């Protein structure tokens, strides 16, 4: 089952196993690549004969891409940096939708700790899953402290077992529930598509990767956009278009009813809740919003 | 963590916890408000800084809105009435889609009971979760009977422990499975957006609530509508439009193929299954139906 | 609760219970028939008073359709043949989307078995869930072998308990995991809508079934198609349309921006990943892909 | 299925449904009554033809025992008092083993609340599931406050929606996790076997209930006791027996080895961890501890 | 992985996979054979190098024992008869404890069916999982009826799809819930240890199987027995022993307290609930009941 | 919540969180310490006021014991060595019962790898969770190879991503399922009770730990032993005792039946299955085996 490294019409892609797995497979599906994970979950089936997928822990993907065991992979910026991997980065992909804040690695201490800034860590002990990132951060801040690897449940350690932790968070609610206070942010991390340098020089692989990146980007872009369509009288049309720059380059079509046109365009899903009341105020009627699968500019 | 009641640019919204919770959060998401419930499920995160959400049992929301602990909330008409809460009602929202029948509180007895109408309840015992609604119903019908609060599993009690029950049902299948017969309907209940009277007088809050109501209504409306698009020869167009009043105010666009136009409009999802065969019979081709996120007239 | 066989405005439809159930109900919902399965899962509720649904094992549906206990049903081609049922077949429906390969019943043996073709089965023992299909296959190949019914977990038996198995597979990954080798394919099976011969002669039932088939086909067709819309300069339009036959009969609409048009059409979801790079190369901009509920030609 | 109230050789027993159900059925099994709950969980099967069991919410059992719909039942002391039920109480049974503290209903407030004693509740609002117990407690303390029924999740309400709560707790850990402080204890509650007054006068029923109580008590007693057996030289025996009053009335048997005897007795499971080191110090050897099913003095 | 049939110091044992699996493994563990099922559940690990275990559906075990693929197996009497397998039967083992009634295959019809006895089945259709047992039963009763194999959910078929069913039941509660009436009992079935005739002639295998049977029987016997120990005055001893024949051949030991003895014996777990009150009445004190692992007479 | 290190009558004990957690808590319960894990699982409740328990990953316990944040802990020998922790080891406790083989860290390679011994690893890459143990093993064998930390799912890596792995196994079945071959065993690991050196010098803590160790050892010992009791005629007694040295120092009691005695003793659970047939052959009757909670010699 050893990879045949000479086969240049197979692209070996690593996807993150575990907590990011479902999101990654869902994005791949939206990009047009249907993946089914059988009982032996490490080697899933994908409906593209030019693609070979491996499910690997996000922490390790960059290492295997760097060494060429994989041509490319999707993993977090944090683990690329933690592993200090020398890889080519093709693009950034925001997977999460539930919250508007990206994942951050933060320095946190008990609410009532006397530690107020990184300088107060001098001589202290810190537990974290990202030992290298933390050590680099301390060096940059000229602070000497002991950093120890945490196998998990890092948050509970801050109260008794160490002086501070470096932990990942999105909304901060888990830190608050553990009565921890954020002192500083070390790194903001988002998923990246990374490529082995040799693979990137191979024309066929590079083209395959660029197409994959375009489709993935199109799928992710589509999650933040919606299609909007509305009817407006020709009389109100100029004011509507002028007042609302969010309505970029709309399609304008004739309606069967005289004097009315249909206006259609894409807008950011996040402005919809403010835009719709404005559209109504400017005379739009029959406003509909519909979902998108992909958006490629 | 006490609410700061003076802050007038925060809207406090109660959403129903429990069986309605997933539906309510899904509707809010369709309306454009992404809510993520962390481990401490009472205080979820929402991606709108002007909104503060509390997850509370549907039975209690109207009470806290009435007293001003919440500015507004979504709960069932039944519990507003059971609590006899003095609140302002902004709108009605049908959440359920699985069945076409709304939730009803009904008087039910064993299939072979001698109770045939409310009058036969004189001197009997009734178990229910809605004690006040039931007592009011009996008073209105001039019947004297004992009403006792049921903590749940009300349906099994009708055979041995009481003479009748007042229970909620949609399709009636659970009542039938328990060999119960419906005698009368006390109340039909649907979800409502209710507002505290003081909050409704506050201009900023009222506007925020009205926008929320519009977006929610748009999201719910979209669940009962679909977009339909088809190609038709210009020759057949008039007859098509004339015969099918369901095709309200369609958009008509030119096709690249001469003599043909594209017709697009919204229709009720429930008539699609009858409409499509008719459209085909009238010469429509390439009929497609697509989903909608919001519909705001 | 006995079916009233005289009622000619009720269509009795059997749907597969078990592994195919969720898929079947989802397809029915996309076709416009919302079904809710209560605790007594055999008799679900459907929001169409002319329809009566029974959930029955896929293996048995054709038997009850043949005998007239059901008017029609959806089940696999394999079980129609295994039961040798005399029914009218209205249409074929591909349910699965995860993989591009349909379900196949294959003859499989241990990787290191000496059995290389059906001829080598002479005098051997075969375990399978489809005893009749397997016996017919052996007769056709003039091979004498013992066929025994397998109650499940057929794959593990091939190594110790029998000489070969006939088992269903899609991607073959479960066979590979069990170290089995495929020797031959006996049958490819897809879901079918089948009708009792008497029911098919009844005008009302036939019309109801044809509408159901049209809507189901439209829903399934929609799963393999997507809507695509893009902007293109009038200059580039002819070349774009000419180069890409996949863009069948598109709608062309005026854009508010001079010299540009919007092109909209349906395409196979499976070609999107190749088409989008080509569209970009030919000057298309603002390409969007959106999902469909139904496609009826 | 109506109870035949004239049948005097059937005892109708109500057991608590829900959180206490598994514990109650396990204790009944230890007492020698095997109960199997089928899908219709209200009427379980029991392997005693003289027993008829109903699973009912703990909150309601005393009400139905009082009215004679049940002859007897097992429920908490709290709900007997909350319902103010006039029933005969046969015995107290401690079900829980995980913690050594019984369930308590406590008055709790936010950690930083100014409420320090019941007197500070004057004019405040209290949420609780035990409205009557709470109102009686306030009357006894001559405090006027509003008490409202809480449908659940009472703990989160104390911070925003009311001033105090009355809630049940064992170890207090859930209250601490919600940052609440216990102000007072209203009631300690344990499971009780209660009997309808009429049933208690019936000789056959009374005898049946007394046997049930004896067996249940024996099973519960056995959970707090263990059997202990050890070898000791006849020389050391007197000192051992004298020093350890916990070794009540032991059996002393001859060992095959001369000069040694075996000593066997019951002791409280809770003292084992202190007793064993003492036994060893006093010369005991081969100490074994074994589990018990029932202990009836 | 083919069995090496020449190895005469390995015993190949088939255990039932599926609903009986957990019970079977638990009984084997009580007999002293610890089995751990890894992910590939067909070949579990057992801590006895002379034993090789296969997990196979209960329906199929007798077939593979008969043909010698397994030396022996544990399966139900029903499936041995359904398969008409020629095997040697070593013993009967009652696995279930929850209910006192063994599994029965019964003929059942809708409550309001006109079928009152087997004779009324003439010309009818019957669905069942045990086609051969049912056909033999009909032949014996000289009734001609059609018997069809049911793939499951047999109970719901009796109302619409066939005239009667033959189904397995213990307490009958599932039949009652489906409103079915039992007409006749075809067979009572219990688990059996069966052996291949050749294997039974092999001395080593026979001895191994007999030991296995003895240990299993001892483990199962222990589930229906308990140890009982009590103190009684020497004065009361004769009457106690004489009155209670259930106290077979007890051990009588001296107590440290003068004039008292300890009496210890085994009794049926099912009589405990009647015996304990009698023992107390006869002057026994400190009665304890303790569990057993094995009982071998 | 900081530990008060001066409090000398509190013993701080770390127990392994995760896969070993349930086993560890069960053993503690058998030892007499009932622990209940609430929602905040790091700080469980224990019914001993002198004990403070923390649930920590097995990988980290030795580190916190070494540094004095915990007085003592239970963890695997492997992680003590991996962390190279300087702690006092009090005892070894075998937790697992399912299999008779202890956990081993083994060097494994694909079945068809050319690596036959540790020497063949020269210049290769090895993935493992125990980087330090593996490096030490290589040094000892004078082999130079790259060792990289594996975050999990190590077994699938051996085929494509590295040349060999060092992984933990009990029965080896998971390695076989992944088609891996064991080359060498690096370490056998069992749970240990370890103590901080300072804590061990504290008299109160040392005594508390020794008691805990004695009770735990007694509980674990009891899992490998059973009590056995049988009746034998006085005539057969000498031969029985002489032939079976496993019957160490039994208790011999008089039976009520003349000429018979009861013999009772402890034996290894693992020899029961061989011993019982021998006992029967030697004339023993009414053999019973019963479970034990603790055995302290």
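To keep things simple, chains are lettered A, B, C, D, E and F as they appear, and every chain counts its residues starting from 1.
Assume a contact is a pair of C-beta atoms (placed from the backbone, for glycine too) under 8 Å apart; a residue touches a chain by one contact, two chains touch by 3 or more.
None of the values given here were measured: they were computed from a predicted structure.
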| item | value |
| --- | --- |
| Chains in simultaneous contact with chain A and chain E | C, F |
| Relative to chain C, chain with the most remote C-alpha centre | D |
| Shared interface numbering between chain E and chain D [over half = same, under half = different] | different |
| Label of the chain whose CA centroid is most distant from the centroid of chain B | F |
| Length of the line joining the C-alpha centres of chain E and chain F, rounded to whole Å | 35 |
| Geometric centre distance via CA averages, chain F-chain A, whole Å | 43 |
| For chain E, residues that touch 2 or more chains besides their own | 253, 290-291 |
| Arrangement of touching chains [line / ring / star / complete / other] | other |
| Interchain contacts (touch definition) - all pairs | A-B, A-C, A-F, B-C, B-D, C-E, D-E, D-F, E-F |
| Interfacial residue positions of chain F with respect to chain D in the complex | 31-34, 36, 38-40, 45, 47-48, 211, 214-215, 218, 222, 225, 227, 241, 249-253, 266, 290-297 |
| Residue ranges of chain C touching chain E (in the complex, touch as defined) | 1-3, 17, 40, 42-43, 54, 56-57, 59-60, 63-64, 69, 148, 150-153, 156, 159-161 |
| Chain E-touching residues of chain F, taken from the complex the two chains share | 97-100, 171, 173-174, 177, 226, 231, 253-257, 260, 262, 269-270, 272-273, 276-277, 280, 285-291 |
